[in-house]
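By letter and in written order, the chains are A, B, C, D, E and F; residue numbering begins at 1 in each of them.
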Amino acid sequence: MKKSAKTPAETAIETRYVLAPHMVNALGTAFGGVIMSWIDVVAAMVAQRHCEGTVVTASVDTMSFLDPIYIGDHVILKASVNYVGRTSLEVGVTVNKENPINGRQNPTTTAYLTFVHLDNDGQPTDVPKLLLETEEDKRRHENARARVQARKELRKKIRK
Amino acid sequence: MKKSAKTPAETAIETRYVLAPHMVNALGTAFGGVIMSWIDVVAAMVAQRHCEGTVVTASVDTMSFLDPIYIGDHVILKASVNYVGRTSLEVGVTVNKENPINGRQNPTTTAYLTFVHLDNDGQPTDVPKLLLETEEDKRRHENARARVQARKELRKKIRK
Amino acid sequence: MKKSAKTPAETAIETRYVLAPHMVNALGTAFGGVIMSWIDVVAAMVAQRHCEGTVVTASVDTMSFLDPIYIGDHVILKASVNYVGRTSLEVGVTVNKENPINGRQNPTTTAYLTFVHLDNDGQPTDVPKLLLETEEDKRRHENARARVQARKELRKKIRK
Amino acid sequence: MKKSAKTPAETAIETRYVLAPHMVNALGTAFGGVIMSWIDVVAAMVAQRHCEGTVVTASVDTMSFLDPIYIGDHVILKASVNYVGRTSLEVGVTVNKENPINGRQNPTTTAYLTFVHLDNDGQPTDVPKLLLETEEDKRRHENARARVQARKELRKKIRK
Amino acid sequence: MKKSAKTPAETAIETRYVLAPHMVNALGTAFGGVIMSWIDVVAAMVAQRHCEGTVVTASVDTMSFLDPIYIGDHVILKASVNYVGRTSLEVGVTVNKENPINGRQNPTTTAYLTFVHLDNDGQPTDVPKLLLETEEDKRRHENARARVQARKELRKKIRK
Amino acid sequence: MKKSAKTPAETAIETRYVLAPHMVNALGTAFGGVIMSWIDVVAAMVAQRHCEGTVVTASVDTMSFLDPIYIGDHVILKASVNYVGRTSLEVGVTVNKENPINGRQNPTTTAYLTFVHLDNDGQPTDVPKLLLETEEDKRRHENARARVQARKELRKKIRK
């Protein structure tokens, strides 16, 4: 049975955590590994929903940490599919912190993760098509293509 | 007191973990977030040693997952400074898995992380110079420059 | 400055987790304490947002576990304010599991938690009013009142 | 082989933890989810001992948080069977904190959990009888009956 | 105010855990570090109660692992003071596993930990006297003295 | 196929952690159980490498805590085989803390762990020989023999 093509909105996820005292580093701000774990899980859930099946993380590209997160901050992750290749797909994640007292939000992290879709034998298999509906869908798709292109060019310049 | 310039070897770290059952995803292989956390901590330790002070993670670039890690595998992380800018530095991390029975090693992950060195007021401050001694030091430095250059070019192509 | 009255929708939260292997009990299904922790955090975030300030859990009432959750299931929590007293408020949480392959959802848990709003001295203080807009808001409010009433009657029958 | 009827004392458990720094919320007091996890585990152990077999948590009723717990406090949980239905049973848990310096104890939480006893096919099965010996056993049993009755009446008043 | 002398029974603790799936090593049996953590916490609680104040772990002597613990086993720790020196004290811990279905218990671990009692300035200070009442108290005290003596003799033989 | 004899250096491990805020006790220093867990894992990895197979922890002897570890300290563990019996082996672990700002190291813990090597049926089996090359290898081996001897003598003096 053929899997259906989907828009980014159909599989997008928004989720929210509180930064607890056991999640900080020696500076008292969010430990990078905690945020990375949340990003990986949320992005993988989106990729599973798009693929209607198993995915594995192939790479994390350009995860940027913009602003520290403190104990008690709400942390809001939004993830959606940006781009689909033959057997892989890129999911973008934006992380905002929200002050729970005054509701103010600030961007803290952005990340782009590539997943490979595996069949039941653990082999890479075809990813369902991505339907680009909105201008935002198209802008993200175009940017993801630029990242794919940049990685290809970079690989040529890297000396083994 | 001026901080001393250092070679990559002076601050490099090698560390080793076992993949325990509580560290796997639903597929039975290493949960990406666990490996990311280990990478972030090991890279930050190297950056602290080079800077003789506080550092914060600014970005993770091109973290690639090459081969799954299974319960009981030894996981070996090697991290060293590749490149130093004015207030930031790049640390490279390679992750290998080792079969503890036959000692065979396989590469599983590579990652490049950029840290910013902060002074006591939390402001970006000068990073000590990096001394390139070996051919390997120079190769890594050159590749890191190529990544810095590629990120700059990519930023121009990204449509906001 | 007086805090604004709010509808349940203004402070409602939806969040999503994956049940990982380290979250199960000896039967291989979700460990009750993990689900309880998620519920407590999500409900507290909603209560903070409604109160624009600090809250503490006063009680958990009628948390029901309807269907077991298995490794790999997505777990979706929805929380919103049901009822507001003078210094306390009730938040309702529904937990659904989603099969990430076919997208089917099933209810697994419902819970009602009461929080007390504390001022900066740690004393109970006035909770902003709740605006009931939709029929669903009113139904939930009425049911919450029935629970408050039932607890009062029960307390009379309990022999110390 | 028929399982033996038991008194509450035969299967009661007392256990003790220290509240560690990684177990607190942003206010510096015990995170609700940690206490809930401890309560769930301790109550389930009592239910297993009474049933001589597998149990699953069916519901948590009226868990009340009376007094905050601070880092370094000893936390003492006492759990015993209050009431036995055909395939389910209620376990009561009281949580006290103890100041380890002066030995003073204060009640912090009470909770009532209902478990269902499952046979080897995962189907609800008969729970061994409960022998009420002491006045305290009888008082707890009577109060548990009042809770069962109150839940039944409440269900009639809840509008779906 | 002088602190009172105490019998071992006055400060003894018994506590009980379930071995959960996230607590096992790659062999599927209890991870040593989990059991060691439980032993350290339980022994420290006993030492705090005897000293009516702060203690730090000075050493762990002869912790023996006799029998593996499996997922679902109940784990019962009993700890009490064996011996009191001027500023230090020895706590003995025995760990048993209990099959929750048939109630059978087996010894799995014994451990002897030495703590130092610290005053408010973090300096070693006098430990309250230990009252030996029962034959068992005296036997344990005598064995603890044998361990202290053996450690002294061993230290002479160790070549630096 | 016969397993090869090995020197301590061939299987030695050095590893490094940062003490994070969630790893401290109520005094703000490293929780003993965290350090014990790290020691157990590192020592087990060395024993696996020497045995080229499965090992289980049989005992921990004379683990001494010399100096407290604080949040942000680097913690360096070095482990190597000291002594080999017929089916068991002793691994020694030294733990140092390093101030990441000035690079100063201090010893904080030493530990000696005995492991038993198991075959595929879970039965004790022959451990490969240990080749003593350096003076340091011989000193450690001799000290390990003194510990084995001391334990034997102690066992005779312990009254059951």
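To be clear about the criterion, a residue touches a chain if its C-beta (ideal position, glycine included) is under 8 Å from a C-beta of that chain, and two chains touch if they have at least 3 such contacts.
Note that the structure is a prediction, hence the values are computed from the model and not measured.
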Same or different residue numbers at the chain B/chain C copy interface, by half rule: different
Pair joined by the larger number of C-beta contacts - D-E, A-D: D-E
Angle, in degrees to the nearest 5, of the Cα rotation that carries chain D onto chain F: 120
Chain E and chain F: spacing of chain centres that average the CA atoms, whole Å: 20
Centre distance in Å when chain B and chain F are each reduced to the mean of their C-alpha atoms: 28
Multi-chain contact sites of chain A, meaning residues that touch two or more partners: 18, 21-22, 25, 31, 41, 44
Every chain pair in contact, whichever chains are involved: A-B, A-C, A-D, A-F, B-C, B-E, B-F, C-D, C-E, D-E, D-F, E-F
Residues of chain D touching chain C in the complex: 25, 27, 29, 31-34, 36-38, 40-41, 44, 54, 56-65, 68, 111, 139, 142-143, 146-147, 150-151, 153-154, 157-159
Chain B residues touching chain F - in the complex, by the definition given at the top: 13-18, 41-42, 44-45, 48-49, 52-53, 74, 100-103
Residues on chain E engaged by chain B in the complex (per definition of touch): 21-26, 28, 31
Interface residues, chain D side, partner chain F - complex: 18-22, 71-72
